[in-house]
Amino acid sequence: MAIVVKCFASLREQLGVSEKSLDCVGGQTISDVWYAITSDPPPGNLLCACNLEYVDFDHLVKDGDEVAFFPPVTGG
Amino acid sequence: MAIVVKCFASLREQLGVSEKSLDCVGGQTISDVWYAITSDPPPGNLLCACNLEYVDFDHLVKDGDEVAFFPPVTGG
Amino acid sequence: MTVEIRPEDYDPWVELSRYQARSDRLQPGAFGACASFVGTMRDFSEGDNVSSMTLEYYPGMTEKQLNDLVEGAIANHELIDALILHRVGEVRPGDAIVLVATWSAHRKASFDACRLIMEHLKSQAPFWKKEQLSDSERWVESNTSG
Amino acid sequence: MTVEIRPEDYDPWVELSRYQARSDRLQPGAFGACASFVGTMRDFSEGDNVSSMTLEYYPGMTEKQLNDLVEGAIANHELIDALILHRVGEVRPGDAIVLVATWSAHRKASFDACRLIMEHLKSQAPFWKKEQLSDSERWVESNTSG
């Protein structure tokens, strides 16, 4: 199994990552997932989701999870 | 000249007055106009208007004014 | 801005759409927000079925009060435009009674103004409702608080 | 209740009218109040002319967040029904972006819920706007406060 990582909007363009699959090694946090796709420090206003819900950077991920990173939302 | 008095809604029905013309004798207040059309004391929630604007019971009326009495409004 | 007293049934969304399309103030791209409110007649009031309702108003004063309301809202809320349409006469359950719509650049102004206009309309505009029940009729005595 | 992401232009008033006519919850006479908000694309942003805009979203999460919003609003505000329609893709000045409508027995619930849904949508629903200017493009960085 694996973790799917998605990036959106300006972050997708900056990182050059739209969707990526990562091996799940167990005990990983959202922070670990971030540093698996880039060595850049996370922007201060970064938003993170796991399985379509907002989560914090220390949230633990598990096999099959969908993790997403994106900038502040600007809908409506 | 004269003062026109109008009553609306439940008050129109209770007093049996829709529109009435009164002689203007000078120095009359809205209260005087009220007692010129009925001897009943004014209801506590009575609203009064003079020339299409809300006024108090001690407002002075003058020749040609249109005075109106009505219960609390219930539009919308 | 427009204020209208309407003695016939109307479709509030058709009126809104038409107004927005024809108002000089509402060129496409010139506004970003439109808040609106539609008050509709219910078939139920204070525990009783209501078959119809008569809406009385004070010709002259009602229009003046509504115009003052809209002008005040435009002056105080950075509104681009506003519309009030109010039904009078015989009204049936499901009929629209009041339509208030406000347009602005950003949402705060239109939300604030739409609600304020409705609250002031409810407390100040001279309209009175008389409900027809199955075998009697009664004047509505006061509006619910907003 | 309905939540929809729409990739094509729509007329918000036609959508509202259709929804109200076909929803089982909105029988004529069963509701007394409908508050609505329409957010429309402007041709001007932060001092620049904007010729068009691209609205990106997160398929799956966006719908879930909007559904949670509507369900929370219905649970907390005595709403009878609610509708959210949000545009995505290429948007032109004058196009409707978002439509939120709420129905209730009395006006307070629909006013409160409509505004709350809009504020939460603005801060939580994963949509992102990229503006096309005359010779460049840029991501909108944050929403104005409500």
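Residue numbering begins at 1 within each chain, and the chains themselves are lettered A, B, C and D in the order written.
Methods note: contacts are C-beta pairs under 8 Å (C-beta built on N, C-alpha and C of every residue); 3 or more make two chains touch, one makes a residue touch a chain.
For clarity, every value in this text was computed on a predicted model and none was experimentally measured.
Counting only chains that touch, the fewest steps needed to get from chain B to chain D is 2. In this assembly, A is the chain whose CA centroid lies farthest from the centroid of chain C. Chain D has its Cα centroid 22 Å from the Cα centroid of chain C.
Rounded to whole angstrom, the centroid-to-centroid distance between chain A and chain D, based on C-alpha atoms, equals 26 Å.
Computed from the mean C-alpha positions, the centre of chain A lies at a distance of 48 Å from the centre of chain C. Separation between the centroids of chain A and chain B, computed from CA atoms only, is 71 Å.
Annotation for chain C: residues touching 2 or more other chains are 39, 107, 118. Multi-chain contact residues of chain A (touching two or more other chains): 76. Here the touching chains pair up as A-D, B-C, C-D. Residues 39, 55-58, 60-61, 64-65, 86, 97-98, 118, 121-130, 139-143 of chain C are the ones touching chain B in the complex. For chain C in complex with chain D, the residues that touch the partner chain are 11, 13-14, 16-17, 20, 28-44, 93-94, 105-108, 110-111, 114-115, 118, 144-146. Every residue of chain A that touches chain D in the complex is listed here, in rising order: 6, 8-10, 47, 49, 52-54, 68, 70-76.
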